[in-house]
């Protein structure tokens, strides 16, 4: 029984959430990564940074309580939690570049076994721009890619990215609905299998060599 | 020195071919009244320095749709398909700059610095034609200052001297742009008396602000 | 996560040979309780990064008199004759840095920048052994980042999470140093509850602060 | 009747004040330059910057009203005027270096006909450090040197500074109790004579060539 799109996103977000530690400062990219906030265990304190200028990003406000001066990096109305703070864009990226962000979670168009990431441009086709992604990937202490394993059956995890890079050798961990993979000096190490994936499934869905240890864990729905 | 002017007087200062900086992040914290008046005025061949090109129906996004920019120096255009179209069809030049680099370049422009070294963009096409400098064994890109003829920013409370308080996440690029242009016009949500903003809470000093528009609240 | 510690616990973290940043400008905005305790403790061979060496009877100035620094990176030593004496007699190394350059170097250290280009110091002995870079026909010095093992800063109101509000001109180097050290200890005039400082008025975010001392008021 | 030290300082400060314009942002150095604030005409609005972190520097507070958190760049208790603002040292020098300061008034150990300034170091003897002076001299739109014309009879205005420089070719105007001199491409131009000085007096007290126009003005006590 294959997971539907919603389940796929949930399973990825939930697994990513397990990577975060008490006290972490985390920046979540737009889209799927945003869902990670819903799965933070209650017993740990994670502070979310919004690169448009604040710490303590909270959930969307109730309908009718939106404040046009309080939006996230996707321009959507949000709230700020008690103990949060606002700052300008120079300070915001000082925080990001300066290593004050423990982890960033971003999507990818392509990611490769050297930890290269491409997520800002498909030449001649779609060029949204890098926004804050290039700074986040270079600056955050840990870069976690959260995405579906393949795009319409095509490999997104490659030996070498073919699209313009967002950053070189900065990705630490890739989490998909099929697998958790760590980027190491020797290549991509398969750490865990998704709820419905076998090693053979992951190999087939991956365009890079996988290093497969004796014991590969499993994560659930 | 009275800095209060009308929207009309403000946009009269903006002429074809100028470089303008505009505060705001996907429209939040942008000087919408001034931007709407600029759409109305139809001034052309501008160069825009802004975080993004907003949405087609909002602020600088409307100006994009109205083809008022010959060049846009921004970090993100994904929310305004018209920008991408103009770029792909060669109608306008789009210079995509990483957001943190954009912030630093504007800050350099306002703070008399000749540039900064950033690790952002190393190993990507952002490094094309830029000087690379190695410090302590690590490679950085030398990124250069940006300045504008006019900065259009938005403040929440602005006193009659020009001191600005920004509310919540509307701050974004506004404070650094307030330092980086020859002429700075702030659109105020509310104009207050001198002394009404605690000097501890002033986020852009009055000396940066040349003109104040607004105060409908 | 409880960040509140005693003065003693705080200075236990400072060991011989460390590099410390200390906020304050001629003592204003300096963490005096921590500095007095450091004099008491007598920790040695420190490197100091601070605006100045204060006065002989105050803060870091007392530490100078107590010969606790092997090196001082500061912009001004004129108010503490003992610093000049130690420098002239080769007892301590003093690296004099223009104040604006010192601020930028600390900021670079905290913001992940590899350096900045400043016009300050061109044509003076400040340029010795530094790389000169020409941008748009103008010469600049490449100035490199500064970081410390520990930053000792002072805040007026500090909430229990570590958000800091600085009062008046006590701000000076404190906010930039709060970003530029591996461990940051803030001496609070007053410790307040989380939420007591409006997020608009937080001047250093809690994420920079590792420990909070004080709160006698 | 020679002026006493107090009169000399007053005459210099008063003449410097005449150089300031309505709306100017001005940074006054420690010592003599500080006195300039006392002579600003009532009909012009000048904002004083204090490089330790604020605009709107006001006079010293009444006795007993000193605030240890509100001092000037000399560490002395001061006040802030209505409409002032506080900021950190990075912003303060952004203001200075970024050309937002219209004029700075500083003392000098030596100044020369090329506009070079030396005021931070006498090697092996007195090395107070440059503090904010190097940034101020490079960043302010106009650099005015306010000082006594000579030091114990020795020239301070020279063909070329012999002490370590604070900045190269940045001085615009030199004001002493004897003269107002402008630094030009061609050299030092004598613009005005002080209340008790003749052209010959100034020549004798100056270690550089002076360009003397046909009409040299006069300033008073």
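Order of writing sets the chain letters: A, B, C and D. Residues in each chain are counted from 1.
One rule holds in what follows: a residue touches a chain if its C-beta (ideal position, glycine included) is under 8 Å from a C-beta of that chain, and two chains touch if they have at least 3 such contacts.
What you are looking at is a predicted structure, and each value in this text was computed from that prediction instead of being measured.
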> Touching chain C and chain D alike: which chains?
Replying inline: B
>> Applying the touch definition from the top, give me the chains sitting in contact with each of chain A and chain C.
In response: B
> Pick the pair with more C-beta contacts: A-B or B-D?
Replying inline: A-B
> In angstrom, rounded to a whole number, how far apart do the mean CA points of chain A and chain D lie?
Replying inline: 56
> Using mean CA coordinates as chain centres, what's the chain B-chain C distance in Å?
Replying inline: 32
> Whole-Å distance, chain A centre to chain B centre, using C-alpha means?
Replying inline: 29
> Centre to centre, by mean C-alpha position, how many angstrom separate chain B and chain D?
Replying inline: 35
> Where does chain D touch two or more other chains at once, residue-wise?
Replying inline: 54, 80, 86-87, 93, 96-97, 138-139
>> For chain C, give me the residues that contact two or more of the other chains.
In response: 104, 107, 112-113, 118-119, 166-168, 199-200
> When you check every pair of chains, which ones turn out to touch?
Replying inline: A-B, A-C, B-C, B-D, C-D
> Okay, in this complex, where on chain D does chain B touch?
Replying inline: 22-23, 25, 45, 47, 54-56, 80, 82-87, 93-100, 138-139
> Mind pulling up the chain B residues that touch chain C in the complex?
Replying inline: 104, 108, 112-119, 131, 133, 135-136, 138, 140, 142, 144-145, 165-168, 199-201
> In the complex formed with chain D, which residues of chain C make contact?
Replying inline: 25-29, 51-52, 55, 74-79, 84, 87-88, 94, 96, 98-104, 106-107, 118-126, 156, 166-176, 203
>> If we count contacts the way the header does, which residues on chain C are in touch with chain A in the complex?
In response: 1, 107, 110-113, 159, 161, 163, 179-180, 194-195, 199-200, 202, 205-208
> Can you list the chain A residues touching chain B in their complex?
Replying inline: 50-54, 67-71, 73-75, 80, 86-90, 92-93, 96-97, 116, 124, 126-135, 138-139, 164-169
